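Letters A, B, C and D mark the chains in the order given here, with residues in each chain numbered from 1 onward.
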Amino acid sequence: MDRNWPYVATGYLLTAGVLGSYTTWLLRKLRRADRLGAAAGGAPQAAIAADAGASAGERVS
Amino acid sequence: MSAQSRSVWQTALGAVAALAVGATVVMALFVVPADGGRDAFVRGTGQGDAYRLLFLHVPSAWLAYLAFGVTALASLLWLFPRTRALHWDLLAGASAELGVIFTGLTLALGSLWGKPIWGQWWAWDARLTTTAVLFFLYLGYLALRRVGGSPEQRAMRSSIAALIAFADVPIVHFSVSWWTTLHQDGSVFNAKMQIHIQDTSMQATLLLGVAAFTVLYAYLVLRRVQLLAVEEGLAERELEAAIAQRVAAAGARPREAVSI
Amino acid sequence: MTILSDALAVAGKDLRIEARSRVTLGQILPFGVLVLLLFAFALDPQSRLLPNVAPGLFWIAVLLAAVLAVSRSFAVESEHGARDALRLSGIDGASVFLGKAGAIVLELLALEVVLLIGTFGLYNVNVRGLEVLIPTAVAATCGIAATGTVYGILAAGLRVRETLVPLLVLPVTAPVLLGATRAFDDALTGSTGDAWPWVQLLVVFAAVYVTAGIVAFESLLEEA
Amino acid sequence: MPVVSTRSAVCVLGRFPALAGADLDVAAGEIVLLSGPNGAGKTTLLRLIAGLLPLRSGSATVLGVDLRRDRRSHRRHLALVGHDTGCYDDLTVRENVRFGLRSAGADVRQADAAIERLGLAAQSGITHRRLSAGQRRRLALAVAFARAPRLLLLDEPHAGLDADGRALLDELLAAASSEGRTVILASHELERARALAHREVVVDAGLLHGGVLETIDGDVVAQGTKVEAAVS
């Protein structure tokens, strides 16, 4: 790496931070909404889908 | 498709997105050579390592445009009576949200690249300027989505706003690029954002980056729509319960005959 | 053509209200001139900077005033439920759009005349190229009024109207600011030939948004 | 063929079910009183009939138009006087009435007669801003009556009116009914309104009692016969 590495590092960390936190927020909210839905007599399969997807999503972040 | 198999698909999509993005990062940071080689960078004919930012910048920019295109398409499908369904509005909203995120990233990454190469954080480059206008256009769109009302009202309002914003994109792009070519400041714009592709690994990495971000977008937009749909469903169920409650409450009271 | 005569009735009503309430004359116009004055304070008037940037400052002042004019135009409709009365009257959405946008165009053109005189006086600019300045101003104003009216009805009746309208209108009208400023610049520096492509851009912009307004206004009036 | 006919009409304001299944029939020439506590859904019902609000479920037909398909084309034949006057502050009484007529495609020369009839002749050149609450109510009624609509929807029309104004309003409504025009009014002035109305429909928590016509037809009502509400 030449002397511009701080810019490159900032760019990559920023991207990881933004996309990672958005994904985490999204999946957490999905899980909570699904639990609420299930509590209200809603579709439990949606909750399963959310939990299954969550692990994949966290790898993304 | 059953919920079970849908969740499997989604998990797979998420995993592919994660792997592809990871692979892009590894390729971009550790595999491809510096632009023009170290000597070229020292001599000032190459961009050295700074250009590695473009492996994120270019896919982000592509995604921003794709996301806004999807928003416009979904809005059109909502407006067209034969395909009118609320999930198009949810898709438009989800896609615009991701579009704004990717537009923001594009601007930030462009600035980070511009500082070492142009010597300044911001240059009035046509594409950068257009992207900045886009960012605010869709920020306004997202603000409009949050103002309340029934789902149908929101869908009508936002789908028309989305198409108005989308119609503006070519006009903005055209006027801005015209403006910058007419009044160019010279030296600052010598370094173009394009990568001088001397190496197939660069090309492959760029393509991989675009593909990876596209898959990531697909995964995120699906999940976002899902979240919006669940929330919409909850609100809908509350409303149904409220209607039932009103009916029951009124029915419980004695109905005295009214005569005049 | 009932659409056009209905539009005239709506525009006449709006202009009559403005003539009587004097909000445009008494508040929006002074605001525009004030913006011109503040630019001079912010940029050193002693330097040769002001005459050079005068076209841009003029159009920024116009845009800010236009946002106020749009807000005012829809405040009038929501004051005593007039919007519902307008819907109930059975008047066509396209007429309402053309009428309200037309009234805003006339108000803004009047405002631009004053602001232009202000710009020439305050920024020490020589008047040249009126044959370019006038079509530029008309085309740009039509574009601004059309987008403003569409977004005005989108945000009408919302509590956040005052803050939402600028956020929606200003980015969309960015090409107008760009084009009108360049055309004015060319006109004032005497290279009128360079200005015509910009005027064409402004005409295209106005055509796109006037059409969009005519098509979409009915749905927005009814369902948004 | 009733002028207004709704079945299980559900109307939602934002996320609130303001109307939870309204069944209402109104025959031509009838004066129907909507009574019920605040928040029962009277205003919502009137706005639904006017076509200002969409139906969530159920059906509504007004002046022969199915509101599920078309909420606009019947509007030229009806007038709604709501809590707001629908007028412009900076226009005079005369200009407001004329604009109301003009925008409805009616003859603006009827404006002065309507103003005269509502007792606003002296205020004809005064702006809406300077009118008192009662005068504003009279102006709103003038705009509505000037168009001579087939269906009059009145939301608390007596509110703010003085004794003369109330008597005048009753007179106008009776006259409209005898001309075959239909009137639906929501009111808390029960004694006054009951004396005027042919039928009372109680709106309670978004539901209607006595809304459906079972035993009468338009003719009976048009003769001014008081009809007992058909209530289960």
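Assume contacts are C-beta pairs under 8 Å (C-beta built on N, C-alpha and C of every residue); 3 or more make two chains touch, one makes a residue touch a chain.
Because the structure is predicted, anything quoted here is derived from the model rather than measured.
From the C-alpha centres, identify the chain that is farthest from subunit B.
Between subunit B and every other chain, the largest centroid distance is to D.
Of the chain pairs A-B and C-D, which one is connected by the greater count of C-beta contacts?
Per the contact counts, A-B leads.
Which integer distance in Å separates the CA centroid of subunit A from that of subunit B?
The mean C-alpha positions of subunit A and subunit B differ by 16 Å.
Distance between subunit A and subunit D based on Cα centroids, please, to the nearest Å.
54
With chain centres defined as C-alpha means, what is the inter-centre distance between subunit C and subunit D in Å?
39
From the mean C-alpha coordinate of subunit A to that of subunit C, what's the distance rounded to whole Å?
44
Please list all residues of subunit B that touch 2 or more other chains.
In subunit B, the residues touching two or more other chains are 148-149, 152.
Give the residues of subunit D touching no fewer than two other chains, as numbers and ranges.
Each of 54 in subunit D touches at least two other chains.
Of all possible chain pairs, which ones touch?
Every pair of chains in contact is listed here: A-B, B-C, B-D, C-D.
So in the complex, which bits of subunit B are touching subunit D?
Contact set of subunit B toward subunit D: 148-150, 152, 235, 238-239, 242-243, 246-247, 249-251, 253, 255-260.
For subunit B, which residues count as touching subunit C in their complex?
133, 136-137, 139-140, 143-144, 147-149, 152-153, 156-157, 160-161, 163-165, 167-168, 171-172, 174-176, 178-179, 182
Name, in rising order, each residue of subunit D that touches subunit B in their complex.
Against subunit B, subunit D makes touches at 10, 12, 14-17, 20-21, 54, 194, 197-202, 204-207, 209-210, 226, 228-229, 231-232.
Along subunit A, where are the residues that touch subunit B in the complex?
Against subunit B, the touching part of subunit A is residues 1-2, 4-5, 7-8, 10-12, 14-15, 18-19, 22-23, 26-27, 29-30, 33-34, 36-37, 40, 42-43, 45-46, 48-50, 52-53, 55-57, 59-60.
What residues on subunit C touch subunit B, complex-wise?
Against subunit B, the touching part of subunit C is residues 147, 150-151, 154-155, 158, 160, 164, 167-168, 170-172, 174-175, 178-179, 182, 197, 201, 204-205, 208-209, 212, 216, 219-220, 223-224.
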